[in-house]
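Structures incoming, each one as structure tokens.
One chain, chain A, links the two complexes that follow: it is found with chain B in the first and with chain C in the second.
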Partner chain A sequence: MSLLKLEHVTKRFGGLTAVSDFNLDLQEGELVGLIGPNGAGKTTIFNLITNTYLVSEGKVILGGKDITGMKTDRITAEGIARTFQNIRLFGELTALDNVRTAFHLRLKSSVLSAVFGLPGYRKEEKEIDDKAMLLLKTLGLEKYKDDLAGSLPYGLQRKLEISRALATNPKVLLLDEPAAGMNPEETLALAALIMRIRKEFNLTVLLIEHDMSLVMSICERIVVLDHGVTIARGLPKEIQNNPEVITAYLGTGDLYA
Partner chain B sequence: MDRRMKLILTIVSLLVFILLLWLAESYMDPFIKRILNVAAIYVILGVSLNLINGFTGQFSLGHAGFMSLGAYASALLYMSPALKATNFFIEPIIWPLSEIQIPFFFALLVGGAIAAVAGFAVGAPCLRVGGDYLAIVTYGFAEIIRVILNNLQNITNGPLGLKGLPTYTNLYWSWGWALFTIFFIKKLVDSSYGRALKSIREDEVAAEAMGVNLFKHKTLAFVIGAFFAGIGGGLLGSLLMTIDPNSFNISLTFQIVMIVLLGGLGSITGSVVMGVSIAFLMELLRFVESPMTIFGLTIPGISGMRMLIFALILVITVIFFRRGLFGQKEFSWDWIFRSKRRNAE
Partner chain C sequence: MSPDVFLQHLVNGISLGFIFGLIAIGYTLVYGVVKLVNFAHGDVFMMATFFVFYGFTLFMMPWWLAVIFGIVVTILLGVGIERIAYRPLRDAPRISSLCAAIGMSFLIQNIATVVFGGRQKSFYVPPSLTTTFVIGGVRIQAITIATIVVSVIVLLLLTFLIKRTKMGLAMRALSVDFDTAKLMGINVNRTIAFTFAIGSALAALSAILWALRYPQIWPFMGVFPGWRAFTAAIIGGIGSIVGALFGGFMLGMVTILLVAFFPEAAGYRDAIIFVLLVVILLVKPTGLFGEKKSR
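Up next is the complex of A and B:
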């Protein structure tokens, strides 16, 4: 079943067309890779899906519902969560509070009920605490719950961003270069982690990644972007041997450069 | 330390505090009482501005505007019809304000509510602008309020202001409201709503992507902050006994901003400590505005010298102690007892 669909999505920044006529049909449960050289327009596509940038043309459809132009926080509530290429944690909040914040969108209690600690709120807050701790445990971060997010090492920050995204209870998870800055060992562990959470949380994943070994090993399908144009799509094997893709990557013929 | 112990400590210190209030109210000299009242009002203003500027990260300069709304609205409600008649001698006050008189407490609440509505009206359109622009827009709002107060002759008595206000404000009212403000805002910032506010301060883009409704939460901060500013304004009006449109100018906002910055953006404890300190410092430093003789040189009294000194302190703080006295730290019993133990070692 089609879960997330992008139809003829185009984004122009002034004279620059960052994304042009982009189409994608993410099936439920799929893990699709989005690759392409720097400046190809990958992050822009994430920003268009979440309406952080308004699309110039085209439609974004989630589970049959047109979400084009819907407010970003509503889209998150509808079930799309993301991480950021240049980590955007709440640096001065603890790891636990980062995750707890992402549960806020489902809070039912009113402000006054929260301020005066009424039973309804206390119950919800307790549930948030438990779920947040569980998420931190799932990602192996429980030791760091009281550390300020900004003070954590890089690799842990990336993981914390993933757990924060999971806290919004998404159907679709958008990961923007989660392996950036990781060594091969960490990248391997990350691949295992992505596979595990996908199963555990019933996720459909769209993954932007530069590390080809990661993309080739875990993605079921790959879409290649260059200068905003989709130049190839297919199975990892097909992409690997696609001459156009190889030229796009500096023409070196080495995807693993 | 367990929760029950902390609760007991809190209740005991509250009782001691109330006892001290009673002693102060009954036996202190009026001059000191006045400073203590001002201190409480500064606490209310500092803590409420901190909610907007420190916890939510929206740099507002509108506090004096909200205060003046609270002060005028409440005064016009608790003044007796006779007092209004003597005040409004140029142009009579409009009906039904000319007839209405309600108890101080309810007048304060209405004042706070009107300020809160203004908080919404300013907060909502301001959300599109951020950072420095917000500061300018909110400052502009406060100025507009001042101009309006100056010109609504038959409602506000214009530039003449309101004189001979009854002094309802005493230490019970002022510190009662101060404690309530601290309680309310502390509970708020520690709640799920508070985390949403802080996430906006930390990173708006990420906050929104995590499902935080920016509009709702920024206006929430403005509405609550403005409400308590309105209450503070109402208390101050009844303490000063006179208000006019210029009582609430940018230099008042500046003082409150200073309390927040010196205490620490995002520390309620800091705003409380600095609110009280500034109230006393303002009095202690009064001497610098009187004529003095240094090395045979006579300097005439310069009014505004105090503000100059404060401005200097502020500049030094912002440059060298960016996070203020407390940073984002808060008082807690754990913290007290831990530091005691450390000292004992």
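Up next is the complex of A and C:
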């Protein structure tokens, strides 16, 4: 079943067309890679999906519902979460509080019940603390719960971003270069992690990545962008052998460089 | 000066320090979340005393009810100002909303002058608050003690609100990064409106405590307490609640002790406060408790 669908999505910044007539049909449970050279418009597509940028033309449809132009926090509530290429944690908050922010939209109790410490509120706070801890544990971060997010090493910050995204209870997870700055072993571990959380949380994943070993090993389908235009789409094997992709993006060198 | 008299001044200074601290927290809280210096804060402060005044004299409410009425209407005013004057400018350059805030300040002062008249009015002080206690030779007015007690309760509530509630967490998240907060499902408009509600409630409370201490109210009464509290927030490091409280205390103490020890220099009070500000900023440009720039 089609879960996330982008139809003829176009984004213009003044005279520059950053993304032009982009189409994507993400099936439920799929893991699709979005690749392309720097400045191809990959991150722009993420920003269009979450309405951080306003779509110039076209539609974004989630589970049959048109979410184009919906407010960002509502889109999150509808079930789309993302991580960032340049990590954007709340650096001055603890790791646990970072995850807790993402539970915000699932909270029910009012400010008044919080101020008066009513039982409903306390129960809810306890539940959230438990769930947030569980998420930290899932990613092996429970030791760092009271550390400020900004003080964690880079690799852990990436993991914390993923656990924060998971806390919004997403259907679709958008990962923006999760392997950036990781060494080959860490990338391997990340691949395993993505596969595991995808199964555990029933996720559909759209992945932007430059690390070809990661993309080729875990993605079921790949879409290639260049200068905002889709130049190829297909199975990893097909993409590797696509001459247009090789010239535009991969050059003529070794694919597994 | 005898120790008793000194102690008496000290208690007075603490009480005034709390009032400045509460107003300063109103500035710092809004700045921390929205990065806007709400110059209309001192005028919201002034309006609160008039709401209580008219609740009591015009609508014949019992005094306690007039106080609650005053706080509620002030909250509505603060949230309303944000809605009509600041929200439309949120994505505009920061200088635009700063100008809007200054304009709002003048607008409120002048509307108040037209509607309430420019003459001073007497603010009702319940007799129980003017009683003077003598504790071991120290003479303390009930309002001084009430101010300290109310402030401590309010500060505890505020700390709890910010540290332990979802709204507090949302406010802290917004203060770091708007866009990411949205992606976490945080409703930005609602959280900012809530921040202004808290700031206005603090303005109302401090205004009532102020008016009980100096029971003359008029449309420009918010100007100087507003400026001093703003100075206190800057001294403490704008954005920091502890800093605002500390800055407020410092100014309260300076104000009171100056009058006590050097009565002939009392007229230079504001000059001394601003010299203090300049010196502190020269030594520590982000204020005493200010954090390094996060973006």
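We take it that the second predicted complex is superposed on the first by the 251 of 257 C-alpha atoms of A that agree within 3 Å, B and C clash if a C-alpha of one lies under 4 Å from a C-alpha of the other, contacts with A are read in each partner's own complex, and residues count from 1 in each chain.
Here is the rule we use: a residue touches a chain if its C-beta (ideal position, glycine included) is under 8 Å from a C-beta of that chain, and two chains touch if they have at least 3 such contacts.
Just so we're clear, the structure is a prediction, and the values are computed from it rather than from any experiment.
Undergrad: For the three-chain model obtained by superposing on chain A, do chain B and chain C clash or fit?
TA: clash
Undergrad: Identify which of chain B and chain C touches the larger number of residues of chain A.
TA: Answer, by number of touched residues of chain A: B.
Undergrad: Have a look at where A:Phe22 lands relative to chain B and chain C in the superposition and call it first, second, both or neither.
TA: Neither: A:Phe22 stays clear of chain B and chain C.
Undergrad: Determine, under the contact definition given at the top, whether A:Arg88 touches first (chain B), second (chain C), both, or neither.
TA: Touch status of A:Arg88: both partners.
Undergrad: In the superposed arrangement, which partner chain does A:Tyr144 touch: chain B (first), chain C (second), both, or neither?
TA: A:Tyr144 sits against neither chain B nor chain C.
Undergrad: Check whether A:Thr76 is in contact with chain B, with chain C, with both or with neither, and answer first, second, both or neither.
TA: both
Undergrad: Counting contacts the way the document defines them, which residues of chain A are shared by the two interfaces, the one with chain B and the one with chain C?
TA: Overlap of chain B and chain C footprints on chain A: residues 50, 52, 71-73, 76-77, 81-82, 84, 88-93, 97, 100-105, 107, 109, 111, 114-115, 125, 164, 168.
Undergrad: Give the list of chain B residues in touch with chain A in this complex.
TA: Touch residues, chain B against chain A: 184, 187-188, 191-193, 195-196, 198-199, 202-203, 205-214, 220, 266, 328.
Undergrad: Any idea which chain A residues touch chain C in the complex?
TA: That would be residues 50, 52, 71-73, 76-77, 81-82, 84, 88-93, 97, 100-105, 107, 109, 111, 114-115, 125, 164, 168 of chain A.
Undergrad: Give every residue of chain A touching chain B within the complex, in rising order.
TA: Residues in contact with chain B: 50, 52, 71-73, 76-77, 81-82, 84, 88-93, 97, 100-107, 109, 111, 114-117, 121, 124-125, 128, 164-165, 167-168.
Undergrad: Flag every residue of chain C that touches chain A in the complex, lowest number first.
TA: Residues of chain C touching chain A: 157, 160-161, 164-167, 169-170, 172-173, 176-177, 179-188, 194, 291, 294.
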